[in-house]
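This is the structure I want to talk about, given as C-alpha cells.
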Amino acid sequence: MKDLNIGMIGYGFMGRAHTNAYKRVNDFFDLEYRPVLKAACARNAGPAQEFADNWGYESIETDWRQLLQRDDIDAVDICVPNNLHKEISIAAAEAGKMILCEKPISMNTAEGEEMCEAVERAGVPNMVWYNYRRIPAVTHARNIIASGKLGRIFHYRANFLQDWTIAEDLPQGGNGLWRLDVDAAGSGVTGDLLAHCIDTAIWLNGAISNVTAMTETFVKERVHSDTGNVQPVGIDDACAFLCHFDNGSLGLFESTRYARGHKALYTFEINGENGSLKWDLHDLNRLEYFDYEDDSPVRGWRSIHISDGDHPYLGNWWVPGLCLGYEHSFVHQVADFLLGLANGKPAGPTFRDALETQKVCDAVLESAKSKAWVDV
Amino acid sequence: MKDLNIGMIGYGFMGRAHTNAYKRVNDFFDLEYRPVLKAACARNAGPAQEFADNWGYESIETDWRQLLQRDDIDAVDICVPNNLHKEISIAAAEAGKMILCEKPISMNTAEGEEMCEAVERAGVPNMVWYNYRRIPAVTHARNIIASGKLGRIFHYRANFLQDWTIAEDLPQGGNGLWRLDVDAAGSGVTGDLLAHCIDTAIWLNGAISNVTAMTETFVKERVHSDTGNVQPVGIDDACAFLCHFDNGSLGLFESTRYARGHKALYTFEINGENGSLKWDLHDLNRLEYFDYEDDSPVRGWRSIHISDGDHPYLGNWWVPGLCLGYEHSFVHQVADFLLGLANGKPAGPTFRDALETQKVCDAVLESAKSKAWVDV
Amino acid sequence: MKDLNIGMIGYGFMGRAHTNAYKRVNDFFDLEYRPVLKAACARNAGPAQEFADNWGYESIETDWRQLLQRDDIDAVDICVPNNLHKEISIAAAEAGKMILCEKPISMNTAEGEEMCEAVERAGVPNMVWYNYRRIPAVTHARNIIASGKLGRIFHYRANFLQDWTIAEDLPQGGNGLWRLDVDAAGSGVTGDLLAHCIDTAIWLNGAISNVTAMTETFVKERVHSDTGNVQPVGIDDACAFLCHFDNGSLGLFESTRYARGHKALYTFEINGENGSLKWDLHDLNRLEYFDYEDDSPVRGWRSIHISDGDHPYLGNWWVPGLCLGYEHSFVHQVADFLLGLANGKPAGPTFRDALETQKVCDAVLESAKSKAWVDV
Amino acid sequence: MKDLNIGMIGYGFMGRAHTNAYKRVNDFFDLEYRPVLKAACARNAGPAQEFADNWGYESIETDWRQLLQRDDIDAVDICVPNNLHKEISIAAAEAGKMILCEKPISMNTAEGEEMCEAVERAGVPNMVWYNYRRIPAVTHARNIIASGKLGRIFHYRANFLQDWTIAEDLPQGGNGLWRLDVDAAGSGVTGDLLAHCIDTAIWLNGAISNVTAMTETFVKERVHSDTGNVQPVGIDDACAFLCHFDNGSLGLFESTRYARGHKALYTFEINGENGSLKWDLHDLNRLEYFDYEDDSPVRGWRSIHISDGDHPYLGNWWVPGLCLGYEHSFVHQVADFLLGLANGKPAGPTFRDALETQKVCDAVLESAKSKAWVDV
C-alpha cells in the first residue's frame, strides 16, 4: 500500500469531515493508497495543535505557504473560507501538490478559471468536495439515469432548505460564521447550498443553458461576531431560479435559510418519459423510484432502502437494512479519489467540473440583479 | 330499474352510513336495482321522524315487528346494538325480508348459528356490513393475493388501534355509548374492532385454526351515562392474540382503545414468499406492495395510490389522483349487494361468512379467559 | 327549508362533481336552503337527457339562453369550456340568476373584468369553483395562518404535477379533451392547474406582486380527436414561475402534465418565522405542521390527520380517523354558498376574487412570452 | 489519556462493527480512556492476521486462552458464536479481564447466571452489546419515557422483521451461517432478533412478567454449508409472543426471517396515557412522538429528525439535519463504557441486565413448546 501524505488547511466542520474520511477509508475499502495525516495547518498554533492532537495529525503548520514547501506532503486539502481557495490552490498547483478543495471552487467564475488553468498546467490531480454525489442513493440515481431507464427527461427540481438564520440577533462573520460574511463566502445560500444542488443536477441531467433568478435578504443588518458592530448583510438569505437544461428539460431550484422546520433538507426529483426519481438528505438511505413499465394496477413509487450489497458502495459496509449516514459520502469520495490515482481515471468533480457549477451560480446571481434571463 | 324498498332499523352512526350509501349508489353505479328509503324505524317516534326527515325516508315505524309486517318493505337493515341482532334477524327472515345486518353478526357463535339457519331456511338474501372489504385498496389487495402473486404465505398481522376511551370519567352505556356496555355489545374491542380485522384476514388469507389471546380492562369502573351509577366495566378495552391459519401462516392481531395517538388505525400486512402487502385505514387510498420479482437494485415497497380507473370500483368515480373516503366502502357494498340480487351470486360476507369471524372472536375471548390455546 | 333551483349547464366531469354536491349537502349540513336539480342543459338532447336521468334533474334544455329565461331557475352552474364562461355569465347576470361558475373564471383578465362588472351590476350572488379551499386540511391551514401562529411569512411554494399527456399519440380537442385545445381552454396547465395553486396561495398568503415565468410545450403537434387532423399544440404543457407576494415573501410555483408518477399531486408549503405548513392532494386528509414553539428536543413536523370533530367541516361527517375524499370539497363549497345566501355574507371566491387569480395567470403567460418580470 | 488494551475474539460482522467503534470513539468523544487494538484472536492464523492487518490490531492469537494470559490485554471482546460465550467469559473473568460480550449473553439462563456470578465474583467491568439502546432516537425515547411525559403505560409492541432466509436452498451452519445452526446459536430469531427487542423493551418499559408464545420453522431441512449434508433445521424461523409487563401494560412481540420486503425492520411503539413514541431501524434518525397535550386541532404525530445538538450523542457529531447510521450505536456504546470506567458508574446493559433478557427468551421458547403461559 502506498502512503498519500495529507496536509489539511483549516480545522472547521469540513476539516473534521474530511479527516474522518481519510482515517476510515482503508478499513472499508481495498485500495492501493492510504491517506496519512501528515500535517494540519491553521493560522494560529493553538487551534492547529488541538485539532492535530484530536485527530492524529503528525505535525502542524501555521502558514500554508510553509506547508506547500514540505516534501513530505503529497496532497493538500483546502477547508478554509472561499475567498482563500484561489490563492492557495494556485500556489499548491505550482508546488506540485494534489489538491482536494472544499466547494464552491471559488468566489466566482473568473477565479475558478484561473484555478483550473493552474492545476491543468501543473498536471496535478484535483477534486472539489461536492460530497453529495457519493451518498449511495444519489450515485444509484445517477446509475439509473445513465442506464436510460427514465427516457427523455422533462423536469428536474431541487431545493436545499434550512432554517438556522431566522433569528435577527444571530451575528455574522468571524470564525464560525464566515458563511454569513459576503467577503469571505462570496454569496449566501447560492454558493453554500444551491451549489450542491447544481453540481448534482449537472451530474444527473447535464448542463444548464440559462436561468432567471431572484434572491432575497430577509434580515438587512446584523452584528459582526468579532467587532460587535452592526453591519449590512451582504449575502443572499434565499435564492430561487428557473432554468432550461441543454437536454430540453425544465429546472426549478430553491434554497433558503428561512424555511422553518427544515434543518438541511436537500431534495431533488427528476421526471422522465418512463420513470422518475426522488431523494432527500433527511432520509438519505432511501431512493424513491417510479417505473412506468410496472403493470398499471400495481404501479407506484418504490421506496428503495439503499442498504443492499448491490447498491453503490454498500458492499463495503454492513448488511442489508442497516443505514449509513452523512459522513460516509466523504469516505466514498476519498475512496474514489484514491482509486482514480491508482487507475489513472480521475474521480470527479475535478476543478474543471466544479467550474461549471460556478458558472451557473454566477449566472443566477447576475439574473437576480438584472432581473433578466441570463445565459450560462 | 327495479326498486328495492329499504326499512332501516336504528338511526345511529351506522344508520347514517348505510343510508348515505343507499342514496348515492345509483348516481355512480349502473345497476338493475335502486334502493328506496321506505321506512325508518326506532323505538321513539321523535328521533325516528327526525332521522327520516333528514335523510328522506318516506315513513317511520316505532316497532320493528310492525315494520316486518309491511308489504312495501323488501329488505331490512339492522343498525341496532348487537344484543338485538338475533331476534330481529330471525323474525325478518321468517317474514321473508332480505337482511343487511350490521357487524358483528351476533353476541356469540350460538346466536349466529341460529341466525344463519333462519336466513338459509327462509332463503332470503343476507349480508353483514363488514364494509372494509370494499375499501378499493383492500379489494385490490385481495385480487393480488388471489392471483397467486405473493406465493406461499408466511405471516399475517393486523391491528385496530384507537384512543377514545382513555379518560376515566368517560361514562358507559346508554344511547351513544352502548359499545362500552357488555350487555348490549357482547364484548369490547373484540367484537367492535378485531372483528373487522378478522373478517378481512379470513377473506384475504383463509380460515384461522387456533388462537392464544389476552384481554385487558384498564379502567375497571365507569359511571353509567343514563343512571349516573358507578358500575364495573364488563368489556375488554384491549385484546391481542396469536394464531395459526389453515394455510400454515402465522397471525398476530391486536386491538385497543388505549393507544394514544391513533384514532381508527386499522392496519394489516401480509408476507408471502414472493411479495407482501400493507394497508392502513388512516391513509386508505394507498396500498403498499413489495414485489420480489423487481430487479434487485431497484426493489422497494411501492406506494400505490388507489385512484386509477383500473383499480377496484374507481372507474365509477372521478379521475386518477383524486381520493375516495371512508363512506365509499358502504356505497360499494350496496352496489355489490344489488349486483348479487341481479346476477344471483350473493355478495359476501353473508351471515354464514360472518359466522366464521364470530367463531374466532369467541375462541379469542375463551382463550383470554382460560389462558390456553383454543381451537376455532 | 327554501328550495334553490339549479340549472346545470354542461355534463362533464365537473357537472358530475357539482351535482353530487347539490344532492348530498342537506344530508350532512343543517341549512336554510336546499338545492333542487331543476334542469340540465347541453347542446344535444341525448347526452342532456342521459345526464338528467342519471342524476335526477327534472328537465332538460338544449339552449342555455332558453334556460336563462325560465322563471323556475334560481341559479345556473356553468360547467362548460372556458371560452363560453363570459357570454353565459353576462347573460345569466342580466337575467338575474345567481351564478356558480367553474374555474378559471375566464379566458383572460379582460373577459373576467366584464364578468365581474355584470354580476356586480346585476347584484346576483356569484362564486367560482376553486374547490380546493374547502378541503378541510386546506381550510384548517388557512385558519392557522389567519391566527398569526406562523408569524412573518418568508416562503410559499406550490406545484400541481400530473403525467397524463406524455404519450405523443394522445389526441387533443373535442368533447373530453377540450382542456388540450387552446381555443377552448385559453391556456394549458396555467389555467387548469396553476390557477388552483394561485387561488389557494392568494387565499392563504395574500396578493402576488410580480412574476417571472417559463412555459414549455413538449409535444408540438397532436391529432385532433374529432377531425383526425394533425395540428400544432397551442397550450402550455408545463409552466413554472417565481414571484413576490405583497407581504414580502417569495413564491415558487410549478405545474406540468409531464411529471411521470404523479396523477394529481397538488402540494403547497408555507414557511413562517414561527411555523410552517405543508399539504398534498394525494393524501388530502393530512396536514403537516411545524411549530417552532415546541420544546426543542421534541420538535418535529406534526402529521395531523384531519378527521376530528374540531377540524373544519368534520363535525358534519363521521368519527375521528375516518377519511373524507375529493368530492367533499364541493359539498363544503355548496354548503358555504347556501350559508352565504342565508346570512348575507357571500362565500368566496366570488367572481371578483377569482379575477385576482386570472390576473396572475395572465402575468405568468405574458412573462413566459416576454422573458421578463411582469407586474400583476 | 489512559490506554485500554483490547483483545478481540472473533472477526465476523460484529468483530468489524466493534473494532470500528474502538477506532472512532476518541475522534468524537472527549474521554479519559482510549481503546488500543492490541490483539485479534481467531482459531486460524490466516483470517486472524488478515483481520488484524485490515483493522490495525498489533498482534494476533489463535487460542483465546493464550489471549487471556497476556498481561497487555485489559479487556476482551467476545464476538464468537453464542455457544462459546460462557466458557470464554468465565475464564476471562477469572483472568481479571474486563469483558464486552456480544449478545445474547448465553445459550440459556442457566449459562448466563454462571457468567454473571463469575464477573461479579471477579469484580470486572462487563457489558453486553445490545447496541440499539445507543441509537440516538432510542436513547431519546428512553429519556422522554423516564421524564414521565407519557404517563401510565398501556401498550408496548415491537417486531424485528427480515426476509433473508426464505430461499429453501440457503445452507445452514458453518462459518458465516452459524446463526442458522441451533447448536451454535441456541435458538433462531428469538436469540438473534427478539433479544434486541426485549432488551430495549425492558430498558424502556420495565420487566416482563409472563408470556405466551408461538414459534415456527418454515423450512424443515437445509444443507449444511460445510458438509453438504441435509439436516433438520433446529432453529425457530419466526417467533411471536404476547406478554404482560410488571407495570400492567400489555406487550406484543414478533420476529421472523420470512417477512418479504423487510431487511432489518426493527420497530417499537409505546402508548401511554399522555403520549406515544414510535421508532424503526430502517429510518433510524427519526423518532415519532405524539403528545396529547398539544392543542387538539393541531395535534399529530411529530416526526423528530434526531440530528440536533440537543439530541443524545448528537452534539459530538455534525450539524442539524445530517444523519448518523447504524455503526454509530457501537461508537456510543464504547463511549459510555469508557465513561463508566472513568466515573465508576458502569454502563448498561451489564451481564446482569442482559440476563433479564435471556430469561424472557427462555420463557418464550418454553411457552412455544408447552403451549401455555409461562412466568418469566
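Chains here go by letter, A, B, C and D, matching the order in which they are written, and residues are numbered from 1 within each.
Here is the rule we use: a contact is a pair of C-beta atoms (placed from the backbone, for glycine too) under 8 Å apart; a residue touches a chain by one contact, two chains touch by 3 or more.
The model shown is predicted, which means the values in this text are computed figures rather than measured ones.
Distance from the centre of chain D peaks at C, each centre being the average of the chain's Cα atoms.
Although chain A and chain D carry the same sequence, what matters here is overlap: shared residue numbers make up over half of all numbers found at their interface.
Between chain C and chain D, the centres computed from C-alpha atoms are 55 Å apart.
Chain B and chain C have centres, each the mean of its CA atoms, that are 36 Å apart.
For chain B, the set of residues touching two or more other chains reads 262, 301, 305, 308. Residues 150, 154-155, 157, 161, 163, 166, 212-214, 216, 218, 238, 240-242, 244, 248, 250, 252, 254, 256, 258-262, 271-276, 290, 292, 301, 371-373 of chain D are the ones touching chain B in the complex.
Contact residues on chain A toward chain D in their complex (touch as defined above): 13, 17, 20, 23-24, 27, 54-55, 162, 164, 262-265, 281-286, 305, 307-308, 318-328. By the touch criterion stated above, chain B contacts chain A in their complex at residues 140, 144, 287, 289, 291, 294, 296-305, 308, 310-311.
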